[in-house]
Structures are given as C-alpha cells and as structure tokens.
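Presented sequentially are two complexes of subunit A, the first with subunit B as partner and the second with subunit C.
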Partner chain A sequence: MSVLFGIIFMLLVQSSIAERTRDKMYQAITGASCFRRLNATHQTGCSSPFSGSVGVLHLISTAVDIDFLVNKPPAPPYAPVIPPHLFTRDNILRIKNDAAKYVSAIILINKIDKLIDFSHELKCPNPFSGLISEQTCDPSKQETTWNPYGTGLLHEDFPFPIYYVADNKEIQKIIDCFEKFNNFDVKNQKHRSLCSIQVNSFMSAAVNSEVCIRRTGVFNNLTPTKFCDPLQGRNIYTTLFPRPIVDPVNRVVDESEKIILVSARLDTTSFFDGIGLGAMDSLVSFATLISVAHLLATLIPDRNAGQKNVLFMLFNGESYDYIGSQRFVYDLQKKDFPTKSTSTNILTLENIEFMIDIGPLDDLNNLKIYYAKEFPYEKSFKSAIDEYNAKFTLGLNITEQQSLNLPPTSAQSFLRENISFPVVIVTSNSPKNKFYHSIYDDGTNIGFKYQNTSQDFTKLDTFGAESPFEANSTQIKIRNTATGLAFALYYLVTREVYQKDQIASSVLIDEFLYCFLESADCPLFKAASPPNSLPGLSGPPLRYISVAGGSQEAAGWTLRLLGYLVGSKVQNAVKKNCTEPPLHWIAGFNGTGECRLTKSNYSSAYSPAFSIEGYDWQSGKYSTWTESTWFPMSARIFLQPSKTHEASIRRVVWNLPFKFTHNNASSLLKLAKKTVTKKMKGRRFKIYQLKTNKSTTLIFFNTL
Partner chain B sequence: MDITKVPNERKLELCRTYFRAGFAFLPFAWAINVVWFFNEAFNKPPYEEQKQIRRYVLFSALGAAVWLVVLIAWITIFQTYRAQWGEVADRMSFIIPLGKP
Partner chain C sequence: MTVAEFFGCTFLAFGPPLAMFIFTIAHDPIRIIILIAAAFVWLLSLLISSTFWFAIVPLREYLSFGLVFSIFFQEAFRYVIYIVLRKTERGLQEVTQNSRVTENKHILAYVSGLGFGIISGAFALVNVLADSVGPATMGLLSGTNVFFITSAAQTLCTVLLHTFWSVIFFNALDTSRYSHVAYVVISHLFVSCLTLFNKQELYYATLIPSYLVTILTGILAFKVVGGSLVTVKRFVTCQ
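Here is the complex of A and B:
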C-alpha cells in the first residue's frame, strides 16, 4: 500500500514540477482575437503564422510612438500595445504598410479614458448588396454616409494577429512586464532579455470564399480538411394571428392573403471573436420590434374578419451583406417560405402588402421614415404615427424622406429585386452611433441602467401612470417609439382608432435589454422557457451570426421570446394537453407554467450563393461571406532571451560536437596560448593550450 | 547484403533486376543500383560480368538523372504556379497547405 502511495506521490510531484517549469516561463493572457473572414473577392481580418507570432512588447501612448516602430527599431519584431483611442485607420494602416517588417502582432488594450469613437465597419456598410447602381452613399462625403465614424478596418487584411485584452489585471501584467524589462535604454534592447508576447491565431482559409469552399470540397486524401464555413444562422419570425392550417402536401399561394411585414436585425458583429453586444447598432431596434409585437398581440388577441395579418421577422446575418433577408426574398421567390412542416400556405413577395423595416435607432426621439418610391401606405402610416404621437405625448419628431440613398438595412434586399417594393425604413434622423459594430457598443453606449423592478413584464404600461423609469431613460424612449409604431400598425390592421390608454411595457424593455446586454440568466428568458429548464449562461447571448454548429443562442432565445410574448395564452389548459406544437408549455412570469399557442418559427439565414449549383461568385448577387476555420487561439507573455544570446545559442547548437564555443571559451582563450591551426576531418581548428597548475588542456576551437 | 561476398553471376542478376525494376516508375531503384554497384562496375579488377554490370549502372545513373531533372523541374513549376493555376492545382494536390493562397 505504501509503495502505491509512494508511486502516486512521485507522479504528483513530477507532474507539478513540469507544470511549474512552464508556468515560470509563460504567463497566459486572456483576450479575444481578430480572425479571418472571406467574401467572393477578398480575405479580411487577421492570422498569425502556424506556430504563432512572437513580438517584443512596446507600449504606444501617443501617435508619435509609432515612429519608433517605423524607423528600424533595435530588436524587431515588436508587438505594439495600443489603447483604443489610437487604434485609428491612419495609425493601424501605417503600422501595416510601413512597419510590417518590424511588427508581428498588435495588442489592443481596454484603456478607454481618451476614447471618443471606435467603429471599424465601413462608412457605407454592405456597399455591394444594396441598390448598387443607385446607391449614393459616398465615403468621401461624410453627410451621405451611414456610419460616419467608420474606419473600415474590419474589411482590411492584416498579415499579423490583432489581440484584444479586456481585463484590467491582464493589461496590468502586460504593462508591468513592459516597464520592468523593455522600457529603458531602448537603443540597446537587443543586448538584453525582453518581455515578449506570443499570439496564436492561425487561420486555415486564404484568398477568398470561392477558393476556400472549393478546397474544402476537394477530397484528394483520406483526411478531408475544412478551410472555411459559410456564415449562417436562422431568422426568427412570428405572425400576429395564427395562419390557417392546411394539408402540407396541398399548400398553395393564396393571393388574397395580405400581410404586413415588420422587420429588424437580429445580429451584430465586431472585430474580435465573441465580443460585441451591438446595443445601439441593432439591439434597440430589436427591442422596439419585440415591444411592438407584444403590444399588438396583447391589444388584438383575436382576429376579426378582414383584418390583415402581421409578420414580425428578425433577420440574421444582416451585417454581412444581408444574409437573412436575401435568403428570405430568395425563399419567397422559390416558394419555399414558410417550410412545409409549418402546414401553412406558401407566401410570395406579392403577399406582402406593406413592409416596415426598423433600422438603427441611434436617436429615439428624432425619427425619419425613408422610402424609395411613393406608395399609398406610406402616407397613412406616417399620419397614423403622428396622431398617436400627439395623443400619448410620445415626444417623437418624425420626418420623412424619399431617397435612393437608403440606410443599410434589410429593406435593401427587397428593393434591389423591385425598386417599387412597398417598404419604409424607420430609422433615426441621422447616424449618431460612435461605436457601430464594435466591442464598445454596449449598455453604456445607450445609457442603459437595469432597474430590476420585479414587476410583471407582460403587463402593459398605462398612459400617464407613474413609472419606475426616468422620463429620458432608454427604456422609456424605446417604449415611446414602439408605441408610436405599434398604434400605426394597429390602425393598419384594424382600421380603427385606439381609444383606451394602454401603451407598450417599459418593464418588458428593461428586462429584454438586461437579458441581451448583461446576462442570459434573466427573468424574461426564464419565463419564456419551459418550467425548470436550464437557465441561460451568465453572460449575454452572442448575436454574431457565426457558422453552422455555432451556438445560435440568440436565435434560440428569440424564438422562445416571440412564442411567449406574441403567442396567445390558452386559458385553463393543463400541461399534459399542451405538448403538441404549436402549443408550448412554458414557465411564464410567476414560473408556475402556462400554455401558449405559439406562432413563431425559424427560417433559414443561409446565403443562396452556397446552395445554388454552379453559382457565379463574381456576380455579386448574394452574400458570399465565410469564416476561416482556426486552431485554438491564445496569447502568452514571456521573457525572450536577447538577440545576441539567441545568436550564441545557435552557435552552440552548431558546434555541439566540439567542446567549446567562441563565447564561453573566450575567457579561457585569453589565458591560453594559441599553438597551431590544424585541419581535421575537413574542418579547420585553432588549437589552444591552456596550462593550469594541475593539468594542460587543449582547446579545439572551430574556425569554420 | 554485402555485395562483395556474392558470386559474380549473382551480382549481375541483382544489378539487372534493379535496373529493370526502375522502369516501374521507381527512380530510387536506379539510384540505389548506381550506389550499390558503382564500385563493382568501375573500381574492381575486370571480370566476365563486369561489362554488363557497368552498362546497367550507367543506364541506371542516366535514368535516375533524367528523373531527377524532370522532378526538380516539375516541382519548381508546380510550386511557383500552384496559386495561379487555382482549381486545377487544388485538384492535383494531395495536401493543400493551410492559410496560403
């Protein structure tokens, strides 16, 4: 027994020693890496070499510090450590173009004290998927752009990794190490050990989507390799009223079925893997749509004859050339929407009588309604909002504009098929988001403070009643905008004027924003899930579209939310009678369980480019974005031996068969007397004789 | 196998076998033949089979050299133009390098 313990003890000691040696050399730095995406013509993003990039840490505090990197620095390659306010197009492209020889990685640290704006999306997002011939968004004319703060770096290709370190402790590790070993006597850096970072973020794909998809499909050897995956996800939709159930094999297009489509964007994106909440760029409009749907579903629980149906739709992948809406339009044209399994009639573009697309709502008080061509609905829509704006003192300032320079939203996918498509885009008067598609578009950016009221979020607000929220809080502003839109829709659906005093729920908006900005383990998600199901993760759900096999958590939660908030409650139902879809047994606000007749479902957000046989990649018709596959991404700092030391180690290895090397022999050589130079085995040696009191040693020194 | 301990007829037989095997797209067999029998062919006192061995060694050397030249030329061309050839080169490749054009 004791022997066994002895062996186990020794094994433990051994493994812990091995652990310690590595830990003494390296300190892991947690963070997020930039990665490679590809489209039909280009590769964008970053990659490290296969074995990672190693660079000497160098803190950039002002733009002038970049001069150091450009002008032949003493111990290249370097890894500049840059705060976000210096992560500008000029600085980064200067490093990429002028210092690429000397730079092996860029480390972005989360020091936001001087940060004013940070958006790496293009000034005119999705430039090639909108109304290409008519688009007048011009990056050189600030007033025509939709993302005036955009640097476009998201669409550049970097030959080195860019690594974002968010945590303050990790940043301190980097800065301390830099100060201790690197930040003195900079000129002689190459003569001493330097604090360096190794970043691993090797990307498999290259060139463009066509090449990487083709290579993934080539099976020349026994282990097929995947180079890249198409960006794909799911759109989520729900109808206000249930659509008639038909025999799945006898589905037809019912031309008399007219619907109003209300859409918003589900996804967002950023430079770095797994970070980016997209609060202002898309979550506010998402919240508005949810609010509108909930208010309408509560006010009009049953459909009267002749009332139009409303289709609420959240498009996924819109950040990447409108993947979701392009696919939806394609499905409508191919008569593939909704899927057979829904047992409802097929819809086509002609069934959509009117579409309201909720674009970015940077400024919730000043709205603008854009449309491409005049059509009757547009006028009545605007006047209906105006009417309720006055009635409920919503504080909205609404203008309208006919233009072909339209915001980069889902409507573009419909308009490029038919410029007269009856769609309006509701968006803020002018783009104000300084952090569009970035890691800093978070709750702070929209001034969100979670109130945690614990009130029933399915209850509507009453106009004029006391509210737990301040009048200019985000929750109230979204509530007011949603109320205006919802009552305009109410009028279009019922053709009646709403007489009572119930408006959208601000508590619902509070809870919704909390779930998507702070934690998926939240009361609203719990209520929308089956009782006693697993809680959401402690972080907010990832809303980047991602690839097949990605988590798709945002889509999953949204489906549940729409089922809960728009689905109609089945009174006096018991659990065992509520198992067949579309009936769902969910927890509800008080967690006791309730039966909902849901009308929500998924639709595909997978670009037709990847499913059309022999698609012409150069046609620019559909989104072609793919994401490279990669090996585990990581970063660690360590003390790199000096360049001169490294050179001498190389010499040791080279001369290993011989006893001494120039460096460590040199002190002895001073004492010794050179005797002879001799040729041995084809190599020349200088032979030194070292005499001490006790012995005489001959030193063979390889002269090559 | 120690070639010096083998009777001369056997040497010739071996050398001929290796020479013939080389025609099955096996340039290495030729190369081995050359290395193996070079001394026998050129550095040994003359004996009856030596002349034939010498011929096989010479032609093996020639064959191996032609192969070497052709292979080097092809590898150089392929590596230089692989990215440019696109799909054709991808289909030719047994292993496509990761992260490169």
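Here is the complex of A and C:
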C-alpha cells in the first residue's frame, strides 16, 4: 500500500505534457517542392502520388553512391538526398530512368561547397517560340547556345517529387536521422526501422494544357474542379512624357505619334516553388532599365515640341515563351493597347519607331548589340553610346552583330511578326551565367553587397565625384551601362548632345537591388508607396509570373517604382488635391509625402492562346503554359517500420483473435453449414459459414 | 505497411472482447442494451473527470492527479450502474423473454463490466490506433517500436479487468463484502498507476504486473460466481 502511494507521489511531481502519439513520430521538414507545368504537348516538373511519396533516406555524397540505388537496393523505395553539385542531368536522368522502381522522391539539400554551375533551363531557352526557323541555337553546339550551362531538367517530367531543403537546421535533421538509423550495415537495412521521408506534392493536372483546360471546363458535379491555371501576370510600363488625354470613346490611332520602346524582363523562374531571385538572368537588366528611365526623367523633365516619347516596358512571363511580349504585340495588333481606362490614344506596331530590348547582362563591361536586319536607328544608337562611353569613361566595350540567332528575349515576339522590325537587343558579349533560372542566381552570383548609404536615391551621381561604391562593384557597373544607354536615348529623343556631368544614380541601383534581392521592406519601396502604408514582406518579392490570384507583388512594386521614379513631381501640391489618378500622393525619400504625376500603368500578360476562341493548340503560335493546382506541399521525416517487423506482426497478431474465437467456438463451428478450404497466396484457409437464427451469415477464416 | 500493425493491434486489443460479445451477448437484445447503457455511464464518468481535469488547474499539469481522480469517478459510476440495474430489475423481468438474465445476477454484472471495459478500451486506444496506420512507427524522437503492441496489450488487460471488477463489485455489494469493493478500487488504482511507467518506456514493469493482477482478479471473479477447481475440471473434460 505504502509502495503504491510512494509511486503515485513520485509520479505526481513529474510533469507531463499532453501530446498526441503522432507528435513523437513525425518531424516536419520545411522546404520547397518542384511542381508541374504543362504546355500544349507535354507536362513538365514533378508530382507525388495523392497520399504522398515515402522513401528511405539515403545520402548521396559522390556520383558512385547512385550505383547503390540502381543496383537493387535492400529496402526500396528510397529517397536519395543529393547536394546540388551532384544534381546534374546525367545523375538525375539515371535515377529517373534506371532506378525509378527503387526511388520515390529526391531531396536536394543546400550544400553548395562544391557547386560550380546549376541551371536547369534549356541550353536554348524558349525554343518553340520567337524566331523558330531562323534560330541556329543548337544544344549540341555549345558556342551557339544562350545558356551553355543549362541541363534542361526544368523541362523534364518526373514521376516522383523533388524537394529542396534550404535551411541548415532542417538539413541537419535529415542527416542526423540518416546517420542514426540508416547509415550502418546497409545490406541488412530491411531488418530494422529506417529513417524515411514523406513528401506530399500531388499535382492535379496531367497530360498537357489542352487536356487540362478541357477537364477544368467540364462541369460534372456541383462543385467545379480546377486542375490547372494559365500562367498570367501583368506587364508594367511607363512613358517618359505624359501622353495626351483623349475622350475614352473617341480614341484613335495617331500615326504621327512616334515612340521609342525600351524593354526588359520582369520575371524569372526556377525549379522550386517560391525560390529563385533571377539576379543575373533578369534583375540586372531590370535595374538597368529602371536606372535609364530615372536618369532620362530627371534630365528631361518637360517635353519640347517635336521630341519623341519613350515607352519603358517590363514584360512579365518572358521565361515561358514570351507571354508578356506576345500579349503586348497581340494587343497592339488588336488595337487594345493601352486600355480604355487610360484615356489615351491607341498604339499600334507602326507607332514604334525603334525598340531597345535589354537582354541578360551577365558581363556589364562587354556588351553586344544584336539586330536582325539593318536599319538607320541602329547605327546612330551605337555611335551615340560610343560617344558617351568615351566622354564619361564608362569602360564599356561595345560590339555589334547582325544575326538571326538572337538571345531569348522579348524582341523575338516582335521579330516573329516582322523580321524587319526596328529592334536592337543589348546584351552581354557572351552568356556567362552559371545559374540561369535557378535557385542560386542570387546576390552572390552578381557580387552584390548592400552598402546602405542612406543617401537620397533620387539624386543623380556626378561624373568624377567620389562614390561610396568600389569602381568594379555591381552598382557602379550597372550605373555605367545604364548611363551609356540613357544618353544614347537622350540623343535620340532630344537630338542634342548632353553637355553637363550628371550620370545615373548608383545609390538607386544599390537600393533597388536590395529590395529585389534581400527584402521588400526597404527604403526604396517605402518611398514609392503612400505614406504610412504597410511595409513590404521581409523577404524579396516573388518574381515568378505565377497564375491569376497569385501575389503579383513584383509587378505591384514595379508599378509604384515607375510611378515614383519616372513620374514628375508636382511642386507645392497638397495631399487633398492629389487624389485623382494620374496624380498620386506618395511618401518620397524623407517620408513626408509628395505629389507625383505618374505615367505608369499595367497591361495584361496573359497568353492570347487562352482568350482566342477555338485556338489551335498544336499551332505553336502563342505560349500555352499552365500550372497545375495542388494541395499544400509538405514533407516530414519519421521512422518507417522494418519490412521484417511488419511481416512478423502480420503473422503473429493477425491470426491470434481468430484462433481465440476458434477455440471458444469449436462446438459452434461444428454446426457450420459449409466448410471450404481455399488456397490464397500460397496459404490454405478453411472457411466456415454459419447460419444463425437471425439469418445472418458469419464467416470464419482459419489458417491451416 | 503499418496497416498490418494497425490491424494486429486492433485485434489484439479488441479481438477477445469481440469474441466475448459475439458468443455471450449478441444473441440477447436485453444484454446489448445493458452493455450500451454501461458504456454510456462510463462515458459520463469520463465527462465528469475531464471537466475536473480541465477546471482544476494543477490537474492539467500532472497526469497522475487526473488519473487518480478519474479512477474514483469510474468506480462511483460503477456503483451508479449497479443501483440502476438493481432498481430496474423488475422492469427487466417484464420485458425479457429469457429469465436467466434476472435470475443469474452475475450475468448483468458481467455485461455491464464488459460495457465499461469496451468503451474505456476504445477511448484508450483509438487515438493511438489512428496514429499507427502509418506510414511511421514510434522511435524517431522518443519511444520504441513496441509502443503500439504494448498499448494494445495494456488495453486488452483493461477491458478484461473491467469485466472482472464489475462481477466482483456487484456481488460484493449484493452480499455486503466490502473487502471486495476495496480490492476492486485498489487494484484499479494500482494497475492504472503502473501505466505511468510507460513514460519511461518500462513496459515490462507495466505489462507483467498488470497481467498478474488480471489473472488474480479473474480467478477471484470466477470464485465469486461460484466457480471452483471442480467446475474447471468438469469444463475441461466436457462433462
């Protein structure tokens, strides 16, 4: 008795937290999953089965370890844990093709110590749109390709999920668990419990966009199901000078209105959901365009008679067969640009006198100007850059090349309609990005270090003045390139040579890169927003085009930025007189609020393929990319019972209750109407059928 | 998969009670009603003890507090069902076609005990069983992979014990043998407190004494209903 109370007392003092058994069995692993996209003919990406993929963790440290997976491993299925330097086309396709039976998921861990290159885009991006027949980009000829490091895995279809774990703590959880339970006596793994992972990333869509859109349209029950959504977003544009306001019902095409179009790419993409900054593949040219626009807007605040207007445009969805620029060209042809609500005249392709497309700027010192056909503007453009290059010692080395093998940029959508379209593509001399469209194309890839100067980013740099940035820093290199482009444009717009010594702002570039690479809660975005508005998220804005209902945060911030940096300041305005668009009341650099006459707006980046009735999916005319819908994606590690343990439990326990009933009821069973002996899966069963007085039939199995 | 483990554990815990139900209860509607009534009364005891657990703040922190309280409530409600059954005996006599139920008082005790046992077993094991379906087994952070099977065995033990306890308890109240009532309460406390060892994964320390108590209690219940070595002999030799 006293012992009993002793025990009770002893246990009384020991606290216990009520928790479910489950909490002790699983550990969640945060990460990002690869997902499924579809085009007119194929599905790409990956998906798990509906209930998730379960695999035994197996760390791959060298390429040889993959042999283990291919050669009948002891306790399949496995989930190989792969560091990025082994995530190569050869290795992954070997797992996909030779070890598909034994592999249920791939876990990519963020161990970059041996990483050299990592790009899963194709060697020739967007091969099925733009100038298809003229292109000579050939994946087998390295020198003709635009992404020589590309593996093309982004365009492969995987029957298993691929999960990326970035956080070091999470990686450690996985590796610790693997070392503790799996990484010894590997041959006899099936005789013990093994550390395993379950990845849930089931994708609803299958086959291709056509099938998926058709299935989505079928109303076979009261709650319609969506299987996939077209990729869509917004193009952001601004004009250098305000365009004349007209009556929205009487909008016409003014053939005398000539504009210069300057474009860059807004979006980027990567293998995994929600990760991928696209620093070198698109953000550098994006920064260049913003910088050019800001410099020009500051130098030419008012339009003189006869000056051409400049349209700065950021195209969205260009990574997926030029969605944004295709739509823009389509809208121009249909006379739908700009939208009615802007109350400005309609533009057509003929209004564009000259287009400068800023392509990837992997190497900011060595630029190349590509053009398809010779036209007068091209020569004067190059000579203008050369002139300012010398004047401001920008250190640019510019060459030009006429070619039909053009970089995969927005210009392709225009040239496809008209090969003589007056467009030049400004890009780096040769592709140097080792992380094109990948999760590792980040600030480090472009050597970006945020200086946080706290200086006014709307003030221009003065040529020759001391700068807080090193001469070969990314900020200065972008500033120099932007300055060269901007003054060439200055010449084309004003037909005058710039005489003073102001050049593009390096502080603006520093702040811009910080916002898009590190945190949206940044001084520049704050200055471009209304005073006291909610700050941006602590992470960088997502620049993947995404689908309808996606956050569109990059486009939203860009719209505000262009409004702020290109919009002209209305002097002596007060807040209450600054509410009607295009007037906007925004915080400004010192946060006190200022009134800007904005010229920015957005246009749709939604592939015409989805809005044309009866579009021929096989025609290849427009982008057909859709993204599958999915349930929340997750992964967790746990201990999977050994195969032997399970089998023994099945043998011992399964039969026990029946033996029990059998012994108690032997007399009853003698009354059985029918006994049948059956053989199932190599074992013999005796089946007893009993009729009771309530005419229910009881059936008993007994193993023999 | 762990589905096998799930079924194994389910049948280990509920196979014998299921057999008992089929062969001793299922054929008589009155017994089914009483079984369910007993299960309901056990649920009431759970409701009250969980209200206490929630309302009295120290109980929430310490498992052992709640456990002891819960046992007293269960025993109190065992007394409640005893009173109810004795009060309704005459009514039962009227509705039943089978007079054995009312003639042999141990049958009612056995049926209500099994009702108590099945429902308490279900509540003890259902959450664990739900987690056992897979794909994981115990052992990643703590616990061993015998957790499920020991839980199932413990549950079976509880189900059988409740049946025996009710038989002893009802008879003790009928014959005023209060030492038996005390035995029921104390052995209930003892077995339940033993389960607190599970937190330290001392499953042997829990299961072996629990089953010893079960056998002892079973023998006592057998004796209470009039069994003896002679009757065992007769049963074995089918006389």
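As a convention for this text, the second predicted complex is superposed on the first by the 630 of 704 C-alpha atoms of A that agree within 3 Å, B and C clash if a C-alpha of one lies under 4 Å from a C-alpha of the other, contacts with A are read in each partner's own complex, and residues count from 1 in each chain.
Heads up, the rule we're going with is that a contact is a pair of C-beta atoms (placed from the backbone, for glycine too) under 8 Å apart; a residue touches a chain by one contact, two chains touch by 3 or more.
Computed from a predicted structure; not experimentally measured.
Colleague: Considering only the touch criterion stated at the top, classify A:246 as touching first (subunit B), second (subunit C), both, or neither.
Modeller: So A:246 meets neither subunit B nor subunit C here.
Colleague: A:175 in the overlay: touching subunit B, subunit C, both, or neither? Say first, second, both or neither.
Modeller: The answer is neither, since A:175 touches no partner chain.
Colleague: Counting only touches as set out at the top, which of subunit B and subunit C does A:50 meet: first, second, both, neither?
Modeller: Only subunit B; A:50 stays clear of subunit C.
Colleague: Of the two partner chains, subunit B (first) and subunit C (second), which one does A:26 touch, if any: first, second, both, or neither?
Modeller: In the superposed model, A:26 contacts subunit C only, not subunit B.
Colleague: Could you tell me if A:597 is touching subunit B, subunit C, both of them or neither one (first, second, both, neither)?
Modeller: After superposition on chain A, A:597 lies in contact with neither partner.
Colleague: Compare subunit B and subunit C by how many residues of subunit A each one touches, and report the one with more.
Modeller: C
Colleague: In the superposed arrangement, does A:203 touch subunit B (first), subunit C (second), both or neither?
Modeller: In the superposition, A:203 contacts subunit B only.
Colleague: Looking at the overlay, what does A:211 touch: subunit B (first), subunit C (second), both, or neither?
Modeller: first
Colleague: For A:225 in the superposed arrangement: first (subunit B), second (subunit C), both or neither?
Modeller: Only subunit B; A:225 stays clear of subunit C.
Colleague: With the touch criterion stated at the top, can you tell me which subunit A residues are shared between the subunit B interface and the subunit C interface?
Modeller: none
Colleague: What part of subunit C is in contact with subunit A in the complex they form?
Modeller: Those residues of subunit C that touch subunit A are 1-2, 4-5, 7-9, 11-12, 15-16, 18-19, 22-23, 27, 61-65, 68, 127-128, 131-132, 135-143, 145, 147, 149, 186, 189-190, 193, 196, 199.
Colleague: In the complex of these two chains, what residues of subunit A are touching subunit B?
Modeller: Subunit A reaches subunit B through residues 47, 50, 202-207, 211, 214-215, 218, 220-221, 225, 227.
Colleague: Which residues of subunit B touch subunit A once you look at their complex with the stated criterion?
Modeller: So the residues of subunit B in touch with subunit A come to 83, 86-87, 90-91, 93-96, 98-101.
Colleague: Mind pulling up the subunit A residues that touch subunit C in the complex?
Modeller: Residue positions touching the partner: 1, 4, 7-8, 11-16, 18, 20-22, 24-27, 54, 177, 193, 195-196, 198, 637-641, 645-647, 649-650, 652-654, 656-658, 660-661, 664-665, 668, 692, 698.
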